[in-house]
Amino acid sequence: MMEEDFKDDLEEKSEDKFSITTENLSVYFNEKPAIKDINLKVRNKSVTAIIGPSGCGKSTYLRSLNMMHELTPSATVYGSIKINNIDIEEFGVINLRKKVGMVFQKPNPFPTLSIYENVTSGLIYTGNYKKSRLDDIVEKCLTASGLWKEVKDRLKVSAMTLSGGQQQRLCIARTIAVNPDIILMDEPTSALDPISTTNIEELVYNLKKEYTIIIVTHNMQQAARVSDHTAFFYLGRLVEYSKTRTIFTNPKEKLTEEYVTGKFG
Amino acid sequence: MLDIIYEMFINSYPSRSQFGLSFIFSQDWDPVKDKFGALAFIYGTIVSSIIALIISLPVSLGVAIFLSEMAGKFLKTTIGFLVEILAAIPSIIFGFWGLFVLVPFMRNTVQPFLQSTLGFIPIFSGTNIGTGMLTAGIILAIMITPIISAISRDVIKAIPNSQREAAYALGATRWEAIRMALLNAKSGILGATVLGFGRAVGETMAVTMVIGNRAQISAGLFDPAYSMASVIANEFAEASKTIHVSALIEVGLLLFVVTFIINSLARLLIYTATKKYDTR
Amino acid sequence: MTTKDIFITDKNLKYRKLKSNMVLIFCVFASILTVLPLLYIFFYTTASGFTHLSLDFLIQMPKPVGETGGGMANAIVGTLILIGLASVIGIPVGILSGIYVAEYSGGIFSNIVKFVTDVLSGTPSIIIGIFAYTVIVLTTGSFSALSGGFALGIIMIPTVTRITEEMLKLVPQSIREASLALGISRWRTTLNIVLKTALPGITTGILLAIARIAGETAPLLFTSFGNQFFSLSLDEPIASLPIQIYNYAKSPYTDWHQQAWAGAMVLVLLVFIINLIVRFFTKNKFSSDV
């Protein structure tokens, strides 16, 4: 029954339900395919998890969404990526990245900047800000990332004084300060301890009211906890994409079932 | 960069047109009579650099082995630091020290000793003035040892530990294990040596102060000599005639070409040596 | 044959062990041999310099031969001016080409830049002096501080380029990605984020470059030339410590020799202190990220 629901859902005509659509997306590194022909529609204002064993192309997929592959000369991207029905090529790389924020595997605050400067860096260095509003933005973003109470008295100290979990939340605050529509998270908790992980997961849950979130994780429990939909990648291909509950309780593909039950991976 | 070659090429024109190839093969250098041949300088440069290399190479290798294979952490950092400083001391200081300490020492102790024991070999003959080819070679050796040993140390360090362990596992003694590592690092060490040689060839001030500055080719290592860089340093500011200046610039051009070839060779060797074990 | 026999039959072992120890002892000896001249030069210079170093030396002008006293104030100021001039030329060019090689690597042009830098760093400084002579002294018609600064600046470039390149490469790729992912443009990322992160390392590199050119003598012989008098103007010959040491050391006067020792000590101390500072600050570099 549930599966039926989902089918209807996918076939719904109103396109504004989806904020990202990729069609036949393939990425090659030095002529070798890392992902092949990925067709995926990501829903607006929800959390989509991408799971799969390491080397299956999860991160590669994620990084193609904000054109991070541009940095790697050996990478070539084929197929189309549309955000709100506009091809990402039309945005231009800078505007695209403002619209599609990214949180990385290891917390990477700018080491020479203070906490305050880290949050505002995306605004200041793109030259798109009003000085009078910066204080408000910093408070708003740090509150949203659950860091405000912990750091409000030491905004001017170096970001490197924070713990790993705090640094990661700072990176999230930095990302939402630019006011993106979509946030990509590339295994955001894999470098963190369990308590920090819980904090981040709660944060993800809260953020989906305002943002579309795609989270790559190798931790199946995490996907089950935080996401609404889950895509399972294997060897560079999309095996199954469904509601999270379906993937974990009643998967269609044998491969998916074997993976979520821990038979390989 | 290209401009450097161009400028030197243009400005050495009068000398090149007048002397042609004989510039390199003649040892007459007489500014008063407008006769210029650079052979004595070329000879002086090369011989002093080779002396430096003969003295410096075994010592540098010893230091490199000591620093990479034997020393504990404290000695490693301390000696490493001292060697770095030695490389950073201005050459004028070496020259000055050489002139006031090494030259008298050579004149009063080393040269008489060598002459009395090995004087029957022609190279240990000559007048005991202290300055001369051998003194210049020794100063150069002191100056290039830090360079050769620092690079050799890095090259030896780049050899994976498994190489040494493999040798030990076959029952090798410590030196035999190290020799295995050295064999692997030999092109890098050769590169370091060539680089040190290049530095010796281009060294100016220290050599100028101790080599004796006489344009002659003599078999005796105690005799004064002259080097390419030194003649430029000594005569350039005072050269008034165009032909004299242009001859000096031609010496510079020669020196540049020689060091260019030496350095390119060295870079190539070091590059291939460090790349082999670069696992990144 | 028992196990015991195998060990006994290796008759070479004693010889091999002896050889091994001999070589190792040689290595220790070589290290001592290398460090000795350094300590000797260092202490000799400091000892002979210290006795002649006084306040007068630092603030007084040179006196004519025969009169005792006097100092090298003009040379010290001259060296500072030359370093300043060289920095104005060498630091920006060096940093920019370092950025180019590190951040925009891969192209043919960046490889050319890298190669040229390598060649330049191996070129004898006296050649650079000839270059500065033909470019500036010949065109302006006189020895000048400017030409000396120009020569020293060119000598600085490869050191600064190299250190900038290495420091930029130490900046983790994740920092660049973080910045680009915020929609910050490439050059802003390089300038405001990456360069800023690498700045402490680059600063120490610049210090090393300055330590090197402060003692350069050869290229100054026929560019800045030397001057017995106090001069601040850039188009006239200017005094400098290394040249003054050179001229005094060659002279037959004991008094001048002592002055030269004091000058040499100032130079050695400068080099030593800069190296010590650099050593101290580079020790903990980027250790928090690794």
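Letters A, B and C mark the chains in the order given here, with residues in each chain numbered from 1 onward.
Here is the rule we use: contacts are C-beta pairs under 8 Å (C-beta built on N, C-alpha and C of every residue); 3 or more make two chains touch, one makes a residue touch a chain.
Values in this document were obtained by computation on a predicted structure and should not be read as measured data.
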item: Per Cα centroids, the chain farthest from subunit C; value: A
item: Chain closest to the middle [Cα centroid of all protein chains]; value: C
item: Subunit A and subunit C, separation of their C-alpha mean positions in angstrom; value: 48
item: Intercentroid distance (Cα basis), subunit B paired with subunit A, Å; value: 59
item: Subunit B and subunit C: spacing of chain centres that average the CA atoms, whole Å; value: 18
item: Residues of subunit A touching at least two other chains; value: none
item: Subunit B-facing residues of subunit C, complex; value: 16-17, 19-21, 23-24, 26-31, 33-35, 37-42, 44-45, 116, 118-120, 122-131, 133-135, 138, 143, 208, 211-212, 214-218, 221-222, 225, 242, 245-246, 249-250, 257, 260-261, 264, 267-268, 271-272, 275, 279
item: Parts of subunit B lying in touch with subunit C, wherever the complex brings them together; value: 1, 3-4, 7-8, 10-11, 58-63, 65-67, 70-71, 79, 81-86, 88-97, 99-101, 142, 145-146, 149, 173-176, 178, 195, 198-199, 201-205, 209, 229, 232-233, 236-237, 248-249, 252, 255-256, 259-260, 262-264, 266-267
item: Partner subunit C, residues of subunit A touching it in the complex; value: 66, 68, 71, 73, 94-99, 101-102, 104, 106, 108-113, 121-122, 125-126, 160, 171, 174-175, 178
item: In the complex with subunit A, residue positions of subunit C that touch it; value: 106, 172, 174-185, 188-189, 192-193, 196-197, 199, 288-289
